[in-house]
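When the chains are written out, they are named A, B, C and D in that same order, and each has its own residue count from 1.
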């Protein structure tokens, strides 16, 4: 709880905001940024409410030691977030100069922006216009470039794993095929790790188009052995060939399956080919919420502290990343718009194949 | 592990089966029936596979002490179950005499049937044709007549509560309205208890038709206070007035909302009336699976043991029930086809109202 | 969030405090008392800090709707508690008149006191001197007279059950005898229910003195079958005969076993009699902490709301209780100093015996 | 479930055993080894019971696809384990030649040995005498040389974190100092990671001797701010200076604190220096048991599969390790007897310091 201030230099003021979708561990990052800056240089930390919206609407509040003391394990973000508010396109207007003026008015020496792709792009934009920023990557999908493992991902995997275990007991009791649809529109990390942790028999990810017949064959073989089949499918997974993704399929037609998601699409594809009953569950928003796992709390704390170190060293316009197991940073400009998908020779995919998990092909 | 056998009287043979949908605690019941019968009278316990289907297809296996020793905490049923196989309507035939003959051939002195309404009706039918049966009620919805609290219900409530907590953090971070749809087609027990445990702001159950406007008013008031709104809705809940239930609404039209469930229907009803974003999650099958809570393990053990006591005392054609906190039994005939819904003056409903939870009306 | 106030009568002011040891669900009670009183009569609720100490030291704070909105699922008590501070014996002085004067000064119409035996006795004392009080019983041990099931108990049982499951896997891997000591100095409810939920092979409670030889016999028989033995022992359990309880044993001598607790005493008693390694774990304080189970949240909410109803109806000097599954109340005077222990013919004890659990005798 | 066999070459037979203390994830390793070998080369996998004891006492059993299908998430080891049975010192005799003869008799082409230091040493010994072995490192303490992260560690951290959270709520309610003692005799990994995840205010590890006065200062400062203090201490932590470790302190005297562990020693050291009540909990065996976290299931699966790949490539007398985030292997000889402790400049230690966690010094 100690803090150091230098009577000559007033305490620096640093802003913090969270942008984009909810993700377990955001509060742990906020806490670590705040504690680290207060503890190491007696900074005044200013929390910006609801992402960049708070800078647009002038809604901020101070974050002191006590206000972040009990948030390590809580889900969500105490600062609030917004998905869409951009200083560069606010109701059709570029209000970035007003935002920069407000930041100057607040006396912000720097801004720590915690968020995904969109947040990093906006942060980069403000940095180019003169506001020193440090980015902290947030993606529950684990798909940010240059970043090995994102906080929140372990928690999402745990949530999906629990769901797989739950449907497994029902599936086995009834001899059914149980489909669980996870997040992952472009990258299959969650489905892959949770599928492995939840003993899925079939794992389907966007990176590997699947054959319905191959999956049906697995189901039939397992039914013969009186076993259920558990399928873990990422929302972005699609049938191989035909050049048509599920997404396009459902976008093109007022399809009753639309709301059901790709899990229900697969169910409709699979049921005619096999005898066993097929059931699908779409996990949805529960994957984003809840208390972070201990792993994610530690990871998020390290991200937050690393961001504080960049601020303390004056290394701005960079984004904290985890590379080779260590915290480091990359230029903000090098990140935006790049996704990290699962390489088809990724060790965990290879491992899945070697222990007999079906990845959608024969 | 001790057991008593009487050299004069051979050990009695008792059959056990589980029918109907999966429910946490089934294995705990099987274990208690088996251990109690073995421990108290050295019985041979015969497990019937996949509900009545096992009696039709002659698939049984012995259950000894060891085979039930590690199943107390496991979800599902080690015996398997089937929803539909009836001795009285098997591919259009009444095969009940064949089933009775098989039971005689096996030397079954009695059959313990664990299941829901359908299973109790079939068990009663076999009882009337001469097979001594004892029923154990199973309903995750907690809606069997004469029965205060069913095993599996506490686990389902815990699963839904966790989901409510997860979406709450996301809802609060984004200022959203979050809808979670639970099981409960006719009875709202799960939505009510989980809604109370998960701090839902609005709880909607089949017993209390709801007003969309009243719910919208709650959402708007909470948004003004910068709070999210969490709504817990049972799948059987319906709009008041108009005489039209959701179920009929969606059955009558090839509605794209159908697969989404009533949660998505409410979302579509609510979104036009409020500014905050509305998101819906349908929990589905995860509510039936998983390891039973400690409470359910103890409760299921008591149900199983109570069934064994009925067998030991030769009190057949009865169903075990929990009344006034104690295990007792009722005539099988008095149960079938009756549902226990939430009385509109139930203490927990009254409590919900008194602490300001919206139950769908103004 | 609505509330009603009557312009004629000013809003009543009601105090709330929590006394005695920590217990999961305290915050749920505080929340329900507060919400119910605000929602139903627009009361001003005053939180008293650290039990009666807050009344002695004049430390109170208002509890409004928002301040209790996010505490349903949190462990501990936001008001703080104290075990020992008594208005009737504060550093050797009776300061009860000062406390009453302070309550008058605050304008408290009534005080809701949430706590155990000690708290109820003090509350009763203040009631007799003129402060209207309503008691809410709190006991993690589930041993308050006239009260079927206390909030917090289900959570403690869940914590112990999880510990039993954890040591079971280790025990089975090594073929060991694993002892887990639980809370329960006078009443064995926790050990009994958790033992049943955690599949303990031996359950030892204060109400049933145990024979070391009988337990050793169980361990030996299980070792022969290559099974581990899991023993769940309440801290108050004691060897039969000899007239000497463990407590006295350890109190009388500077025993190295003292800090280890009765679990380590049993280990020392048992190890010489059997070949398998014996290991003991004393769970301690983890049993009191953590987030309440959904069951306890609902139960605690009902306790809190019932207390508010008593206040609203002006039924003072009573304690809320759960009887025959319904909330009711008893005279405060009838509670103090009475413990509810496990009757030796309690249905769950009988059930335990009937499925072959050893209760400490042959 | 497919498998390939070559009609020319009979299926290879591979043995698997688990040795040393229980650890979450052992079953996941066994499953992956078995599935990978069956799936890739149609191997016959032979499970050896109770570590090397099974090779000494001729107790083995086949492991087929089905027998490992449901064990991914279960704690413990289905094969059993033993801490002490060594082929090189069995009741004072070297029975290694008999063990090798038995392995030949079984037709084992290779042995996969999963275990800690002791197991690796014995495996290396057998390898030198001609039995091809592959080692899989197991250490809940995360302290095996050349190995970044051990399976089971994440689960132990999660267990400790939960305990820290539980005592935190009690500590805060009472304004206490709560001490939680974790495993970690020589390496502080568990205490460090769990302390960070559980928001401990003080973390004490064997690598950093502590000052009681420095800890007392933290407690006093927090008490003044009406906050509790949570201390996470590894069992091997010791007071700085004096040259005397706790272990020696308690070994030298018949100390009543002995059974209580270092947590109780610290309590005794600290209590006289501060006003707040100090309570200690020793977690003990619960840290070794239970279902592995999803993270550990995936990690253990990768260890098991990597071991199978070594067998398939004939790379014997090596131990699988995780280095720079990837599975690789090292010579068995290079491992034995080396511990991986926490470097005093480890990034997580640095991070802890930078956010104001007390590491035992002023």
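Everything that follows uses one rule, which is that a residue touches a chain if its C-beta (ideal position, glycine included) is under 8 Å from a C-beta of that chain, and two chains touch if they have at least 3 such contacts.
Keep in mind that what you see is a predicted model, and the values were worked out from it rather than measured.
Asker: Assuming a repeat means more than half of the contact pairs shared by residue number, which candidate in B-C, A-D or C-D repeats A-B?
Answerer: C-D
Asker: Which one of the chains is farthest from chain C, going by Cα centres?
Answerer: The chain lying farthest from chain C is A.
Asker: Could you state the distance in Å from the CA-based centre of chain A to that of chain C?
Answerer: The answer is 40 Å.
Asker: Quick one: chain C and chain D, Cα centre-to-centre, how many Å?
Answerer: 35
Asker: Using mean CA coordinates as chain centres, what's the gap between chain A and chain D in Å?
Answerer: 30
Asker: Give the residues of chain A touching no fewer than two other chains, as numbers and ranges.
Answerer: If we look for residues of chain A contacting two or more partner chains, we find 165.
Asker: For this structure, give each pair of chains that are touching.
Answerer: Touch list across chains, by label: A-B, A-D, B-C, C-D.
Asker: Could you list, by residue number, the parts of chain A that touch chain D in their complex?
Answerer: 1-2, 31-32, 35-36, 38-40, 66, 69, 72-73, 148, 154, 157-158, 161, 165, 193-194, 196-199, 221-222, 225, 227, 293-295, 297-298, 301-302, 305, 308-309, 324-327, 347-348, 351, 354-356
Asker: Contact residues on chain D for chain C in the complex?
Answerer: So the residues of chain D in touch with chain C come to 18, 21-22, 24, 26, 50, 74-77, 80-83, 159, 162-163, 165-170, 172-175, 178, 226, 254-260, 264, 279-286, 288-290.
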